[in-house]
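So that you can tell them apart, the chains are marked A, B and C in the order they are listed, and the count of residues begins at 1 in each.
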Amino acid sequence: MSTTDTDPPLLRLGRAMRDNPLIPLVLFLFALVVLLEVLRPGIVMPIRSGRDGLISTFWVGNLIKFAIPLAMLAACQVLTMLTAGIDLSAGIVATVAAFVCATLSSIWGVAPAVLIALATGLVVGVVNGVGVGIVRVHPLIMTLGTGLIATGCLQVYQRLVINAGAEVPTFLSWLGTGRTLGMPNGLYLFVPFSVFVIWLMRYTGFGRLLFALGSNENAAKLSGVRSWQVYIALYALSGLIAALAGLLYLGIIRQPSLSLANPLLLPSVAAAVIGGTSIFGGRGSYAGAIVGALILRVLDTMLTLLQMPEGARTALFGLIILAVTALYVRITGAR
Amino acid sequence: MNDIAALDASGISKSFGAVRALTDAHLRVAAGEVVALMGANGAGKSTFVKIITGALRPDTGKVMIRGQEAHVGSPAQARRSGLVPVYQEPSLIPDLDVGDNLRLGDTPVAAFQSWTEKLGVPDVRLSDMISDLPLATLRILDLARSLAAEPDVLLLDEMTAALPTDLVERVLKVVRERANAGMGVIYVSHRFTEISELCDRASVLRDGQTVGDLPIEPGVEEKAVELMLGQSLNLSRQRSSEDRKVLGGTPRLSAKDLAAGPKLTDVSFDLYSGEVLGVVALEGQGQDELFDVLSGFQRPTAGQIEVDGSPVNFGHPADAISAGLTIVPGDRSEALLAERSVRENIALPFAAQVRNWGPLRLRKERSRVDYAIDRLQIDTRAKGEVQRLSGGNQQKVTIGRWLAAGVQTLLLFDPTRGIDVRTKRQIYPLARELAENGAAVLFYTSELEEVALACDRAIVIFNGRVVAEIDAADADEQTLMRAAYGLMNAEGTA
Amino acid sequence: MTASLGKHAWVLGLLVLFLVLIGLTKLVQPSFSLAGIESLTRAALPFAFATAGMAVVVIVGGIDLSVASMMAVCAVTAAVLMERMAGVPAILIVLAVGLGMGLINGVLIVLTKVPDIVATLAMLFVWEGTALLILNTPGGATADWVEAGIRGSFLIGWFPKALVVLVVGIALVWVPLRRSKLGLSIYATGSDETAAFRSGVPVGRTKIIAYGICGLYCAMGGLSLAALTGIGEPVPGPYLLASVAAVVLGGVVLGGGKGGLLGPIIAVFILRIIRSILTFLSVDPNVTTIIEGVIMVAVVMLGAALTHRGTRK
């Protein structure tokens, strides 16, 4: 039914926002940056506090540096959310990959360590995919469960390698902490990565199927799509991406721990949701999630400046997810 | 006292978005009267029932019960105001026992038990779990529960559909008794034998309008059928039987004694390349299951499907598709990615197989999608999101999906339901053209005039069985309607 | 008679399994005795309450991912309050807090129409943050008598007090409710929402109340958590997946309408005693965590497979 003309303004505004989420998001990001500058003059524009430079490349570089691993984990959420799923094991997988890589590098050398780290992500992802695609466990429960098991495995593994010591491969610290022209080297990894994700979503048959499954699994089925194949490939990919994000994060933090990337999990979901990806599937944009990750980093800086305690930040992220989702339900009448 | 109707619904209209389901429906039931509510598929019957029972609010008009306007916002409120419905599906809670179900609705147990006894299921215990009881018993329990609430108006919606004959007799007898004691009854049904046994009057609905009231007398069946069809448009027959090809050899698709679920019991037919075979049936006669089985959504419980003479076994629609059987389902929302573009919707089957997961071959895709859009004349002004297209264009998209991929056997399940006349007129010749180019088309329709317009011949399914096969030349609506109501024996076959 | 036997067969089976596992424990650790059961029950207390709460919302057809976070809020609230005021009013306040959180969850789900699983995921973080706001690091202290209240035995020499607390806590809420019209409504809503609506059940209100009850049980879980440790721990414990697994193992079908609280509680004890057995076999505790995780995931997968088969028919 083409009733576009008679739709209430809220619905039309909602549609416009959904069609071009990037523009309001970028505006919102700038508004936050301006607000931050007002709160703490000089942090973004050093010239105002009498130092050199119109825009602080250091500040911008730092913002981007810490937004990159978050944006990479957000890719796991965007891709799985396209099919109305979620990957709650992504944070732990990143941690495991980082830990495995750091400890194995000193024993077997860098290349095998990196490969094994990525393989662990792949394994967890395949298990998730089997659970979601074949056994049909809700993705949330499934990924939560594999995350728990992975945590246990990590602890056992840690006891095994306790004397091996940890070593952060130099190229990872170069990626994580180095800068080129003031911008973090992480972009060397992230720019091709994000281009790949966007290409995958838009210009491949696999990407089409992700949207199709989330939009209407029945329609996909009657078009001949065997959904379990897609789910296994999807969650395997998500595990791989999470592992990659963990390796980069290791390069940034340079100190492996048993809960390294875990705190990034919730923000990664929030970044995807803020970026216009529907948790109900069928709609999403990775570019939006990248801006969402930047927004969250700025917000985080701001909340730190305001000395907002960690608890309030966690609660706020939860509320943001709920509010955006509720608004989405209201606007579209979805479910 | 007598001039106050038990139920008086007048001037009811209701639209869903741009679709007008009811334009002017009315129904008056006096105390002690049993009125049949009739109408062909899509006449607005179910919407009307929902409005009367309070599940939907009408746009205009009001429902009065015993002279009081019933402000029904929920089934609970309708119940309190004196109207009790018995629905097609039992509204008992499967995981509770009978006693708990009664307590849930504050039904007096003694009255309930006396009714179950009268209705012929005396051995039901209060401790029986609902999910352990057979469907027929549940219908009776539902009715007993409703009668125990001593309603002013009782609405029975196709409630005899799953009942064995002896129980039907009991139900009709008890309901008649209650009516004679002053209860008003609305009886929604397809079954003439029951209607003529039970009812005083039949109210007929067509295209969202109440078009007539018929006293129940001998010969009422014919009049009712006529009213339900309306002054039919008498569209000039687009086809004559002369241009029929002589078909022979191995059938493209052959169903042998197919059965599935409780509704589809035994259906056989042959479908040849180059023909459009119509399927005619009232709602719920097993046609849904038939199409589910043919398209690979459901496995048959008995029987065999053969494609080009060799038996096939579908575990997934993908299997059916690789055997060339593709479906356009009745509910467009089942087939469409509502939020995605026309192009993505049409191109969906291209990406289905793992070997096509890689980069899209955009040029090839575009040419094939454009071919489908052209062929079907899809209005693509709102191509960004399929849900913004009109119903007719949406339906074209679901058909176009298979045109772009190349059609062998097309299963059309009521493809013209709820779409505009212009699009309908495009769909009939399309089905014919496809057949002429060598495809085989199975065409279920709830609109009888379409059989003559689009099909070569038609099978009629009643109660899960093929009851008639009619040549398109003889398939006027009267004949089809009579056959669909089980009023014609198989000797009417051409 | 046979029907009711069939209904209880699952619970009976679980009970038998539990007894077999106790026998097995005795076998691998001959010194295992009634004292062992006492400590087993004590340790199982928070897990059992979380499971009871989860069971109620699963029966109504939902799921509550925020149980562990709500328990954390209640535990820190208890620990903070008991430092400053008498134990009894503190306990009442904590129960009210739990009930309130549960009701908020329910109202948000019904009003926003966001699916249960998504809404409670968001609330998981909201309550987790709230717990951190109340107490940033583990601290506070519980009254001594509260701790003593779940330790040792009751009246007769061997009956664990913790079991009394568990039974009384759960029964006080559930027994009067189970057979009431509200209880029926909870089962009806979970079993078939449309049929329930047609039978006149106020579906939305029933859901909200079920979530409220879940919050109340979480408050009891939080209290027992505080009593076990003697302090308030703001970080949620590993109770979410465990409670879902126990609920599924206990015969409550994901999707609603079936089962009771007894089965899930026995399932809790089964899962706990498996841990004890592994400990007695001197398996690395971390390996035990992995085995437990695998068992839980397997149980949930089995449950999902069964539910899926049931709906597909």
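The criterion applied here is as follows: contacts are C-beta pairs under 8 Å (C-beta built on N, C-alpha and C of every residue); 3 or more make two chains touch, one makes a residue touch a chain.
All of these numbers come straight from a predicted model, not from anything done at the bench.
Greatest centre-to-centre distance from subunit C is found for B, with centres as Cα means.
Of the two chain pairs shown, A-B and B-C, the one joined by more C-beta contacts is A-B. Between the Cα centres of subunit A and subunit C there is a gap of 32 Å. The geometric centre of subunit A is 46 Å away from that of subunit B, both derived from CA atoms.
One finds 45 Å separating the Cα centroids of subunit B and subunit C.
In subunit C, no residue touches two or more other chains.
Within the complex formed with subunit C, the subunit A residues making contact are 131, 135-138, 140-142, 144-146, 148-149, 151-153, 155-156, 159, 266, 279-280, 309-319, 321-322, 325-326, 329-330, 335.
Those residues of subunit A whose C-beta lies close enough to touch subunit B in the complex are 1-4, 19, 203-206, 208-209, 211-212, 215-216, 218-226, 229, 233, 282-283. Subunit C contributes residues 3-4, 7, 181, 184-185, 187-188, 190-192, 194-202, 257-258 to its touches with subunit B in the complex. The touching residues of subunit B, counted against subunit A in their complex, run 17-19, 295, 297, 316-318, 321-322, 327, 329, 333-340, 344-345, 347-354, 356-360, 362, 382, 384, 388-391, 401. Every residue of subunit C that touches subunit A in the complex is listed here, in rising order: 65, 108, 112-115, 117-119, 121-134, 136, 234, 238, 240-241, 244, 284, 286-287, 289-290, 292-294, 296-297, 300-301, 304-305, 308.
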